Amino acid sequence: MSNYKTNKWRLKLQEIIYEADTPAGKLFDVVLLITILASIILVMLESVDSIDKNFHDFLNISEWVITILFSFEYIARILTVRKPLNYIFSFYGIVDLLSTIPKYISLIFGGVHALAALRALRLLRVFRILKLARYLGASNTLITALKASKAKIAVFLFAVVIVAIILGTIMYLVEGEENGFTNIPKSVYWCIVTLTTVGFGDIAPQTPLGQFIASLVMILGYGIIAVPTGIVSAEYTNQNKSDKKNEPKNNNTPIQINSQCCSNCLNETHRDDAEFCFKCGCNLHHE
Amino acid sequence: MSNYKTNKWRLKLQEIIYEADTPAGKLFDVVLLITILASIILVMLESVDSIDKNFHDFLNISEWVITILFSFEYIARILTVRKPLNYIFSFYGIVDLLSTIPKYISLIFGGVHALAALRALRLLRVFRILKLARYLGASNTLITALKASKAKIAVFLFAVVIVAIILGTIMYLVEGEENGFTNIPKSVYWCIVTLTTVGFGDIAPQTPLGQFIASLVMILGYGIIAVPTGIVSAEYTNQNKSDKKNEPKNNNTPIQINSQCCSNCLNETHRDDAEFCFKCGCNLHHE
Amino acid sequence: MSNYKTNKWRLKLQEIIYEADTPAGKLFDVVLLITILASIILVMLESVDSIDKNFHDFLNISEWVITILFSFEYIARILTVRKPLNYIFSFYGIVDLLSTIPKYISLIFGGVHALAALRALRLLRVFRILKLARYLGASNTLITALKASKAKIAVFLFAVVIVAIILGTIMYLVEGEENGFTNIPKSVYWCIVTLTTVGFGDIAPQTPLGQFIASLVMILGYGIIAVPTGIVSAEYTNQNKSDKKNEPKNNNTPIQINSQCCSNCLNETHRDDAEFCFKCGCNLHHE
Amino acid sequence: MSNYKTNKWRLKLQEIIYEADTPAGKLFDVVLLITILASIILVMLESVDSIDKNFHDFLNISEWVITILFSFEYIARILTVRKPLNYIFSFYGIVDLLSTIPKYISLIFGGVHALAALRALRLLRVFRILKLARYLGASNTLITALKASKAKIAVFLFAVVIVAIILGTIMYLVEGEENGFTNIPKSVYWCIVTLTTVGFGDIAPQTPLGQFIASLVMILGYGIIAVPTGIVSAEYTNQNKSDKKNEPKNNNTPIQINSQCCSNCLNETHRDDAEFCFKCGCNLHHE
């Protein structure tokens, strides 16, 4: 570890892989994003029987190419980070491994269906790159508004679930097994389908009383859809206002956050002018 | 009744059961909440045939355990309250009894289906404990906003029902019995299904004219969904504003409400520093 | 007509039938409301085959009672109003006649199905009585907000229809007749069903391309539902604000409107202290 | 081109066709709008088999009349504009050609189905005339609000699509091919159908676990419908406010835009008092 600081190429690589401020880092992220999206489309196409039959070899080879690319990326991530174990057992470390390994396993055991679909986990990796989106600033107010109304939305959803259980039980008693409401959980499921105005129609009330209660459920669902909308609307309007009020008053330069990533603890929200990691005190520039 | 005040353990028990400020009271409420949720899940699972067959004994025994626990709680509530009849004939008193008794009846008459489902009433008991939620403060503004817009939402829902009846009758005339609109109530039911954008599809217009009218109904429903949302949004924004305005101006300490419960009249919204019940004048501390 | 003013009982009757300020007038409106609702329920029940078979005589007699009551009301309205022709050819005059006459026609021609359903027109009469609701003040702001955003909602709905026609035509080309999209109007109908998130499912895309386009349509519909809601929300918030601003500033007593009804021109929105009709100059009190 | 300026009738015609300020120009636009709508209804009716059989000749002749009218209009547009190629290769130029030509081709090759439907493109021409709507002012605030929240809605829709792919893949694994979730793309399609609360019901979960996950998806979809609504609401409220604030402060006369159209570059948003095109400097009045 003592020769870590002098190992220039490793530092360079770490900056490219984990950060997005340098042109090389941005390029890496864009290439990775495209590869991930391509691999997701591959997984989706493979699940379509008619496509799988006609283009099996092409899909298989593409899958191998992407798997090998991801393997290299995984190894590079382990090599460049100062504490590899931190990365390996982090959420994204596990996602990276699980989304790469199924293809190798298929070599030994043959294509296990459920295992292959594990590759869809790759989609979660998109979120790592989309930290980029954070710098676009577009969704900041939105996220703040959602966070501010989190507790209220939770209370609301809890109320919806309780209402669904009560009404679902009533519908089970009223309609009974002969009309598709075979048990209470299924009846509660139907109630959620109706309250949320989705309405698949695979189960539908047949008795007049059941249809009457269903009408009440629907009007209730129609009415309560107003609640989360009202909450978010109000919070969002407030966010917008406080944003505008703060702008002229705020004499301090707002803290600029860049995409620097501590090579020790992988923490990412450092100030633009930070020299040391605010979490572990490790030098960010390694000079 | 004269020896009531000296009866220390009864006071203690009353505080535990009816209030939520002491650690013991909180623990009691949490245990009760879990028991209620477990009993609800039991009722739901029992209604699933395949589960009932395989785990009948386990479900039966669990149900007996919970029934006995609830019986003890019911008896304790009657013993600790000063005027037991007030509790027994209160809404929650009746719910408590109705949700406990079916299992005992099944001993004598065997498992009556509809009776067993009465146990689902236990879910209503959740609301008693959720008075806790009131102290979380999360849903206060929400409830105030909903109360403020209650009259407007009622007018709106009444209008929706009238529109549904008129359009339902028209659809009955246009589509007729051969296309599933067998009578006016069913046609009105279809109309509510459509206006609320649920759309089961168990009944759907077949004639071109019927589909044209259905299109109008849907666009109308799509348009009027804006109304309750707009109402709640506006009220909620206003609530938020008045909340904020009141905060700096309000020099008085806001009234703190705790979960003290008058042992005489079961009233619950006492001030934190109250010594006597504001409804019946009864001493809250019993010293 | 010269003896009109002296005809006391006629004036009295006119006040009871057309106005709602006196106790007798209010009672009349409430009785009428109940009769209308009862008659609507009768029409609905008659359309249900099983009920019609078992209770045919009861339904028939009730229908005759209500028809005769409505006939008396219709005649009373004609007799008490100063210009009967104005009433007879007014919107409500025609509704009153059309909703009363089918039962008499059935005496001569037998029960014609479509004709009988004309009686559902009685529901429209509810709105006349619900002028009462205007005095409740609950829906005033709501109606103002809706009126203010009328033009915007019209533009929006026009855009929805154009989008539905374009996307409907595309779906017709993509899916074709073999998948239920038998012609362009039906395809447009499907598109409206989908855009408004109703989703009956009687027609559903089967080809992958069709399902892809359908996904876009749904997400589009999900997005644009925000527009009318946003419009009404904003207008409603503005209405609320201007209401509150006006309250303290407004030194004039707000104009009180009562339910007086000019016996000459049937105009209804007179000031509480009005002595003469503001439309035709006719004396309102007839003393 | 030198004799262009003196060619009075050509200038007149250009003003009528491309502008909407003169009575003749307005009349032209209204007639064109009616013709386009009539032609769209023709295309729709032609696709209905039963109507096509009975009224084939009438539809065919009407179609020819409209095609010839559109051809004249197309030629007039080319003749009156100063740089015909600019028009021919503009978006609307191509739409005009594509929506006119299929009928002529059908003379040579017979009625090709897909080609005939090209005529539905005529609907796009409606938008050209609806520049009129811009002057109605009704939709200005609306469009500004939508533009302001464009980025946020895009971020939101992107999140919806990612969620749909992840949940769709999970549902594919849980439900499998035997319950209609035959492949991942179809499963993602189902997920979008559910998230947007459309709910066709052509595919519906059958296993208890699948129904449980579906319930979560629905509640999630019900919750996130609040987000775009909240965004548009907030933006729209802000738009309304800034509109009102600007009105009294704004001392400058707002720039009046009329429907003048530069005959050289077809640019349309000129100031009312403009003498020369602000894009190409060409004289707008040609005197």
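To keep things simple, chains are lettered A, B, C and D as they appear, and every chain counts its residues starting from 1.
Here, a residue touches a chain if its C-beta (ideal position, glycine included) is under 8 Å from a C-beta of that chain, and two chains touch if they have at least 3 such contacts.
Just so it is clear, the structure is predicted and the values come from calculations on it, not from any experiment.
Residues touching across the chain A and chain D pair largely diverge in numbering: under half of the numbers involved belong to both copies.
The two copies, chain A and chain B, are related by a rotation of 90°, based on C-alpha atoms and rounded to the nearest 5.
Each chain gets one centre point, the mean of its Cα atoms, and the points for chain B and chain C are 33 Å apart.
Separation between the centroids of chain B and chain D, computed from CA atoms only, is 47 Å.
Shared contact sites, meaning residues of chain D that touch two or more other chains, fall at 48, 185, 188, 197-201, 208, 225, 229, 231, 233, 237.
Against chain C, the residues of chain B that register as touching in their complex are 151-152, 154-156, 162, 165-166, 169, 172-173, 182-185, 188, 194, 197-201, 204, 208, 211-212, 214-215, 218-219, 221-223, 225-227, 229-231, 233-235, 237-238.
Those residues of chain B whose C-beta lies close enough to touch chain D in the complex are 48, 197-201, 208, 229, 233. Of all residues in chain C, those touching chain B in their complex are 40, 43-45, 47-49, 114, 117, 120, 123-124, 126-127, 133, 136, 138-139, 141-142, 145-146, 153, 157, 160-161, 185-186, 188-189, 192-193, 195-202, 225, 228-229, 231-233, 235-237, 239-240.
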